[in-house]
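Two complexes follow with chain A in common, the first pairing it with chain B and the second with chain C.
Entry: the complex of A and B
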């Protein structure tokens, strides 16, 4: 057999099989990596979940207790006897109010940034962004003094307004990029169709960024829900959100790990539920593509 | 219905770097079909946007009838625009797009839901898009989207229609039909219509009268016949008419002109008297339309110019010849059955009445 004949031979079944199996191998490897990632993210949460159902002795045991009879004592103790179920309500009040406020103010602001020739627009825009970049500690003290003067300390107003310092820039920043993606001709069309500036925003533009708003609101709620410092120093026992109250379970005579974990599990449920419920909107909002004409 | 007047309107873009419109003054009569003709980048779309109020003038005024509308918002002007870029609402179906102008809060009392549905169906049938009513814009072809954009303008009866190249993206046959439809609708409703196009044939066939726009300036305003028969300058002469007018450089010798130093033609006294000495010394620009040139035998005494056929472009019934003489080229339009073959020697003849004379410096028409 000549060399040429070998060079031009068709792909043999054996070759095809090896090409196929290498592709299959790739699939397996990617599954494996995905599984690894999932375990990495899920493990701490599952660990917390399991500790919440263990007794103190089981938690403190030097050997990991793999099998045990689940107990609800931690939940009963922390949520009912200590009355911490109220903190979940506090967190909800703070997060929902802060985000609602930021959406109502931030979305029109973002639209204005996207559409109007504001003098010094970009400088203003970056100034707003720097609020998002500033660490909470920088603002915590001035805010404390301000809120004390305004007699807002200990009311829900304090954490709500404080949370706006980071959610509002986030809303403005992300929503602007959504609005920038919509051609200005859409505004022009609606306005010549007889809609005022405000009606154009409401009827022609807002429906195009619906998924975007959902995604941005969801992220803002998560930020607000997880916020710790403002929730700790600007609130009273009556208005403190759940994330900031967990350290109170660290006592001089030992940390109540069971109760910490029970509270943490309970606190993560509303957010997890929200994400599951709005999953589709979230993906659409984040993929931006849905609003292209 | 309204008369629209632009007075000394100027517009710059990008902080004054690009001048889109330079001191435009225009009057568009009530109920007329007015075409803005010009090449890409001439300022046609800018003119539409200024009249609609989507862009603001830098200087000058715009009037609708006798009311100044320069600073009014688009929704206060009552004009309907069909955008060249369509600008359809992407999340709304064709039906909702067409109904959108009728659902505007200011028209809440004028249109009942039933009337809206009927009107939408009517327009959809007219434009041949009734089968697409429940589709989204992204499921339509370019030509279909353009018809929806046109429909969204036609669905109501405003004071003026502003159409920005509304049928540019349709295929040739449909474009031809739509041209007829648009003209018919306009005549029926008698609504002032401003229509932009880069296609001179479209403008000539549609317009009651038209303006030719070039680099932000108006070159000429007039009826299609006026513009075709008496172009105001060399730009208009070459832009309107297909193939473009032949512009021949010619020396003035006494009361005669000599084309390329070959042919002698007597110069009309009316034109001779208008020329200054400097202009006489420079060569005159003489324009002849390709269809005003006759082919004659090269040996005949009638032949003003003699040359060789370089190309023959057959367009069905008519053909376009390119005839070369020395380094010059002249285009001739004639019946295909009479056309000579490529490479043949031919003589060209034309009457002095068919010539257009242009000032060699300003390129403006002399008579």
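Entry: the complex of A and C
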């Protein structure tokens, strides 16, 4: 399928030769523009990254320093001397636990939603989406009160359960779209071979949605890693994830920008890595499975 | 075989988790919204006060202001991102098909930790040493600090939001462009349509459902935006950048007014559920069409 032809048409036979060369020119121009765009979108992030490798004087210099000898002092100071490497571990504990829990619980539910005549199915789905899209502040207050009563505040249980409020709906919603892609005939064939429903799910269907489960898990880890509000109010210093700690390091005066940038860089590298791991599933995850990009 | 009791076992664990972490807290907040809490008074310890919190809300100018700010941020942001995103999508889908490998790179701002995006905003706009803030100062566009000025703080947040979300819109529209059917274009060519006519009469209508999904997600996001504003301005200066989520946060976790905060939360939730209904229908239509 030629999208080029669709977008830059029509080309009549009479001026085909000149059309071809102008089309080649257009291609080069759009290559150039696309390259510019990529630079444009990466530049602010890379610039902030670069501050983490500069001394205080180089950061604060009124003339921006473009060439300098990179230093690792900010990283050593913030991660090791101040012990903030713990925050990265905390983020990891919270994200992995919440996502593992929601995958184990949510995937069979998504299969049930895809295959069984559940009463009020669409209303449940609408409700799940509504809570997925509601701002964190809606549930943050009651969760704070309930977790305080259950003596969960300050334990890892609090942020893990709180992150399930958006991870579980996401897993159910997106996994259902992956199950819907698989023809029901495969279930029927497996069950004719004597598999029970559960065995069919485990041995016939799950292997087919393996890449879907990986994508949903990686996406959920990104969202959990990025979460700010629950991680701030439901945790103590010992259990706080890194994203929730960064804003408190920015002060009206005397902010140690180099260290903040070093910490922010450390926090954003796992996300950058996951984005590349996701590649082909990015569009689908971002559009709630609506667009199979 | 697929009896109701049998189905229950498949959904029971998820239903219990949903009940404990979502429904019970939500109902708790609903009951709070009819009660009075105050940590500065020994009288208000959670007694039932009927709809007083909601009555207070109706006369609360700051509440209306937070909705006004949300829309002042939302409308320009979406228009800007829609136009830029469409341009980017045409570029990617139209000429550089191999550019699909660039999609992950371009989505970096969208998926990067919002707190880090906010930090990028704060630092690049810093008037003393930020790459953009310095230029704005040199050209005399802004006096002093961009984020400390009530008239430029919201545009700055819109700019950062655009940096974050334009790639998202572009990528969704690119998926749309790459999935366009061929036949309408052949018909348009037979009819002698020029490229501009083809774009507005054929491409845009076919692309419209993709626009709808992207825009609805962004509208709902406008009611969620919190982290970036918290890092960049904390809702200030004054209330210039105080969107509904920031306002609700101020009443719950700054003033610890659980009653009034819960009433705010309920109003926001009603708004969200109306918007989600449209999104839900759009997504349903979509899945039915495929």
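Rule of thumb we're sticking to: the second predicted complex is superposed on the first by the 253 of 293 C-alpha atoms of A that agree within 3 Å, B and C clash if a C-alpha of one lies under 4 Å from a C-alpha of the other, contacts with A are read in each partner's own complex, and residues count from 1 in each chain.
As a working rule, contacts are C-beta pairs under 8 Å (C-beta built on N, C-alpha and C of every residue); 3 or more make two chains touch, one makes a residue touch a chain.
Fair warning: this is a prediction, and the values are worked out from it, not measured in the lab.
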Chain B versus chain C as contact partner of A:32, first or second or both or neither: neither
Which superposed partner A:188 touches (first chain B, second chain C, both, neither): first
First (chain B), second (chain C), both or neither touched by A:76: neither
Touched partner set for A:145, first chain B, second chain C, both or neither: second
Contacts of A:208 with chain B and chain C, given as first, second, both or neither: first
Chain B or chain C, by number of chain A residues touched: C
Which superposed partner A:197 touches (first chain B, second chain C, both, neither): both
Doubly contacted residues of chain A, that is, touched by chain B and again by chain C: 197, 291-293
Of all residues in chain B, those that touch chain A in their complex: 49, 52-54, 73-75, 77-81, 83, 85-91, 100-101, 104-107, 137-138, 152, 162
Chain C - residues contacting chain A, complex: 1-2, 4, 6-7, 10-11, 13-15, 17-18, 20-22, 24-26, 28-29, 32, 88, 90-97, 99, 102-116, 118-120, 122-124, 128-129, 131, 134, 163, 167-168, 171-172, 174-178, 180, 182, 185, 189, 194-195, 198, 203, 210, 213-214, 217, 220, 223-224, 226-227, 230-231, 244-245, 248-249, 252-253, 258, 261-262, 265, 268-269, 272-273, 275-277, 279-280, 282-284, 286-287, 290
In the complex, chain A residues that touch chain C: 1, 3-10, 26-27, 29-31, 33-34, 37-38, 41-42, 44-45, 47-48, 51, 59-62, 64, 101, 105-106, 108-109, 111-113, 116-119, 122, 125-126, 128-131, 133-146, 161-162, 164-165, 168, 172, 177, 180, 197, 222, 225-226, 228-229, 233, 243-244, 246-247, 250, 257, 260-261, 264, 267-268, 271-272, 274-276, 278-279, 282-283, 286-293
Sites on chain A touched by chain B in the complex: 183, 185-186, 188-197, 199, 204, 207-208, 291-293
